[in-house]
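Encoded as structure tokens, here's the structure I'll be asking about.
By letter and in written order, the chains are A, B, C, D, E and F; residue numbering begins at 1 in each of them.
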Amino acid sequence: MLTHLDEHGRARMVDVGEKPETHRVAVARGEVWMAPETMAAIREGSLPKGDVLAAARIAGIMAAKRTPDLIPLCHPLPITRVQVDFALHDPDEAHPLPWVEITAQVETVARTGVEMEALTAVAVAALTIYDMAKALDRRMRLTNIRLIEKHGGRSGDLVLEP
Amino acid sequence: MLTHLDEHGRARMVDVGEKPETHRVAVARGEVWMAPETMAAIREGSLPKGDVLAAARIAGIMAAKRTPDLIPLCHPLPITRVQVDFALHDPDEAHPLPWVEITAQVETVARTGVEMEALTAVAVAALTIYDMAKALDRRMRLTNIRLIEKHGGRSGDLVLEP
Amino acid sequence: MLTHLDEHGRARMVDVGEKPETHRVAVARGEVWMAPETMAAIREGSLPKGDVLAAARIAGIMAAKRTPDLIPLCHPLPITRVQVDFALHDPDEAHPLPWVEITAQVETVARTGVEMEALTAVAVAALTIYDMAKALDRRMRLTNIRLIEKHGGRSGDLVLEP
Amino acid sequence: MLTHLDEHGRARMVDVGEKPETHRVAVARGEVWMAPETMAAIREGSLPKGDVLAAARIAGIMAAKRTPDLIPLCHPLPITRVQVDFALHDPDEAHPLPWVEITAQVETVARTGVEMEALTAVAVAALTIYDMAKALDRRMRLTNIRLIEKHGGRSGDLVLEP
Amino acid sequence: MLTHLDEHGRARMVDVGEKPETHRVAVARGEVWMAPETMAAIREGSLPKGDVLAAARIAGIMAAKRTPDLIPLCHPLPITRVQVDFALHDPDEAHPLPWVEITAQVETVARTGVEMEALTAVAVAALTIYDMAKALDRRMRLTNIRLIEKHGGRSGDLVLEP
Amino acid sequence: MLTHLDEHGRARMVDVGEKPETHRVAVARGEVWMAPETMAAIREGSLPKGDVLAAARIAGIMAAKRTPDLIPLCHPLPITRVQVDFALHDPDEAHPLPWVEITAQVETVARTGVEMEALTAVAVAALTIYDMAKALDRRMRLTNIRLIEKHGGRSGDLVLEP
């Protein structure tokens, strides 16, 4: 059953008032695939001033805080930590194009988890990279945005990728 | 060169004041992959009340309007139309899992285009589907979010997928 | 037919791109009914510093600007003027209790009208009055919020109350 | 005395830091009156896809979370639950026209109550119904928006309507 | 070392999850210098209706609540109190022009302090005064915005100005 | 007379509907004074990754877009360009401490000017610098925030500092 729907199929923000406040962590990850020249420009642009990835990092951190404003049924949460990291990769077997890997870790002490905050941070950081490079390359794609692990709360530890 | 960086690599919102106001359209698309039981619940949840996809549609439309608030260097634009559509698909050659296809079309009469608005609508609609189904399935992934076509403005028509 | 639904009953932001930019005005009005002691406190509170109504006025003006952020299918519009006025009334035949009358006038030069902006300004000004007086009186009610007149656009002048 | 004004009549956000965190609930209700044809279109529109009321429900839930952003002196609160329900009514003695009844229930564990969140959810859901049906009927009115009950906090249980 | 940068100089929202929730207070202050005629108009405008300073007060209080939305690495906090005060001053030794002194006090019970909330309230109240008087005087300046004192948290009491 | 007050001293958003859309530019500037060690850390932090000033730049640009959300009577405007620059200075005759100079230039094609957008960008960039360095130095001050020049609109060119 989808918990965000009531017995009549209507959307609702589920009740978390009975759940205890515990320390919770979520890590999400995603990728932006791009042409080799685009990756070259980002690599160059990120040295020495770093503004491409710096802008994407700030956008991702700010978006994590805006999550309940964007996702209709998300609970507002007092986020205690956000970290957004990037790794620049050359093509490999699973990636036919150069790609930026984005990882966001979000933590809170709250009655519900921060998976959506971590996923939103990754998605908005990825959108920001697209925006900053789109004059060069409109074929970039945002892909493989998923949850990597979560800790805390009733469901305990969940590690989807080692 | 990345137009969102100046000659010193610093972020800036580029000047569009000299560009004429023209009618502009952008279409973006993305996918949410999920387990068969998750797709079954969404299919069921979308009949007869439709709240899963209805919530994702509203979230995507509202996010299109919030784009300049989320993406640091995006220009604010008077959006004249947003449409967000969903198609539910069974697995096929390119998709090992059932998947929701999300398509957003955004239009404006403005000095710059609405690619970011369309991509943001897709990404936030996809995040909303994840949120609404995550109690069932934390392995969903948001993937293949990309621009499909754009029209209007100096660069004219660009159709990346027929 | 409801224009905000497509032929399948799905929500959409309707296309206004073909409509010309014209000067548009909307006036909305509403009432807050309250106990005599509450009205006395507001009258007193509004002299000499006026902060109760001043806060409600500012909240209403700011809410008019936030309308597309609140109402899912509203188009963003470059508002050119907002005015929010209050009149304090004693009970009369149609009103068993003292009441504050709130009137908002909003103008723009745009492709679509500002009825929702005027109605939103009235509603949020009324909510602010409730908030500021609620420690005294939780039985206040916000009532009769409606459109009074609109001008401009294809549908021309509409005067619902003289 | 109005607690939101200091001894000089100046607005302030009152100090709730000394109050304990307790479970709090508020229920608010309101009505949208409309022409018979408008009600018919909403009834039809809400079957089979439900987007009119689904959009209003989502807008109300999201607005509850935005309350401190809209109402100047409201405290930010970690809402733990929001539910927005609709009932469609034919005219009766107290209602000369068909009407949608909107009920919002909001809960939190916090130092102050959620009456404003519940009232804001009702008001914005009502505005959304107006917006979605306004092409048919500009004479709709939002009316009788009031608090029904509240629980928790120093003032204990208050049930204004059974 | 700058705590908002990691060991590679990258921005992050620092982890406050381990810090206890304590009562915290911050007081900030700033000045708006202006021409004598501008001060005369504000003094007059603030009697009997008070809307210049009332608008600036409301804007400052609302901005305190928006701080984590504006300042990228600020943590969201459940503010429990905001007060914004103004004093109108004639020129003196340290001030060649008439000036408005703005003082904001913000409190919370949280894991981190509210200095940024108090400073943001002062800055936005000052910007609002500028906005309301700018048709008269575009040479106003916002100056000496600084922290006055803070209490609570690991660093204890800090009183920078008696 | 203060144009943002009506003849009764009440706040209003002034009518700009009759003014033509013209190209408008505003430049604002401000300073953050700080201890020598703080400046040293910022200089170091801004090399090679640049995140301190990069974060402040992004925050300033985003704040320019949020101006009508923050300043109650500001009109929403389609900003066409924002640039935020920093210069790091050693103490001099007018500045007893090292200081960061912040300059923001904002442009639009609209019915009213962008002074508030430029001043808001400077103020929020300055607040962000304070936030990022406050663990080192709580005595920083934001000072001399003022308009430098504006162009376009009925009042033509105004250059306050050469």
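The definition used in the following text is that contacts are C-beta pairs under 8 Å (C-beta built on N, C-alpha and C of every residue); 3 or more make two chains touch, one makes a residue touch a chain.
Not measured: the values here are computed from a predicted model.
Undergrad: Which chains lie in contact with each of chain C and chain F?
TA: Looking at chain F and chain C together, the chains touching each of them are B, E.
Undergrad: In this assembly, which chains make contact with chain A and also with chain F?
TA: Output, common partners of chain A and chain F: B, E.
Undergrad: Between chain pairs B-F and C-D, which one is joined by a greater number of C-beta pairs in contact?
TA: C-D
Undergrad: Enter the angle, 0 to 180° in steps of 5, of the rotation superposing CA atoms of chain D on those of chain E.
TA: 120
Undergrad: What is the distance, in whole Å, between the centres of chain A and chain D, each centre taken as the mean of its C-alpha atoms?
TA: The computed centroid separation for chain A versus chain D comes out at 32 Å.
Undergrad: Between chain E and chain F, what is the separation of their C-alpha centroids in Å?
TA: About 16 Å separates the centre of chain E from that of chain F.
Undergrad: CA centre of chain D versus CA centre of chain F: separation in Å?
TA: It comes to 38 Å between the two C-alpha centres.
Undergrad: Specify, in ascending order, the residues of chain C that touch 2 or more different other chains.
TA: Each of 10-11, 47-51, 54-55, 57-59, 62, 66, 69, 72-73, 76-78 in chain C touches at least two other chains.
Undergrad: Per the touch rule above, enumerate the chain pairs that touch, sorted by label.
TA: Per the contact definition above, the touching pairs are A-B, A-D, A-E, A-F, B-C, B-D, B-F, C-D, C-E, C-F, D-E, E-F.
Undergrad: Residue numbers of chain D touching chain B in their complex, please.
TA: Contact set of chain D toward chain B: 47-51, 54-55, 57-59, 62.
Undergrad: Using the touch definition from the top, list the residues of chain C that touch chain B in their complex.
TA: 6, 10-17, 68-69, 72-73, 75-78, 110-111
Undergrad: Looking at the complex, which residues from chain B come into contact with chain C?
TA: Touch list, chain B to chain C: 23, 54, 57-58, 61-62, 65-66, 76-85, 107-109.
Undergrad: Could you pull out which chain F residues touch chain E in their complex?
TA: So the residues of chain F touching chain E come out as 1-5, 8-11, 30, 41-42, 45, 47-52, 54-55, 58-59, 62-63, 66, 69-74, 115-116, 119-120, 123-124, 126-128, 130-136, 138-147, 150, 158, 160.
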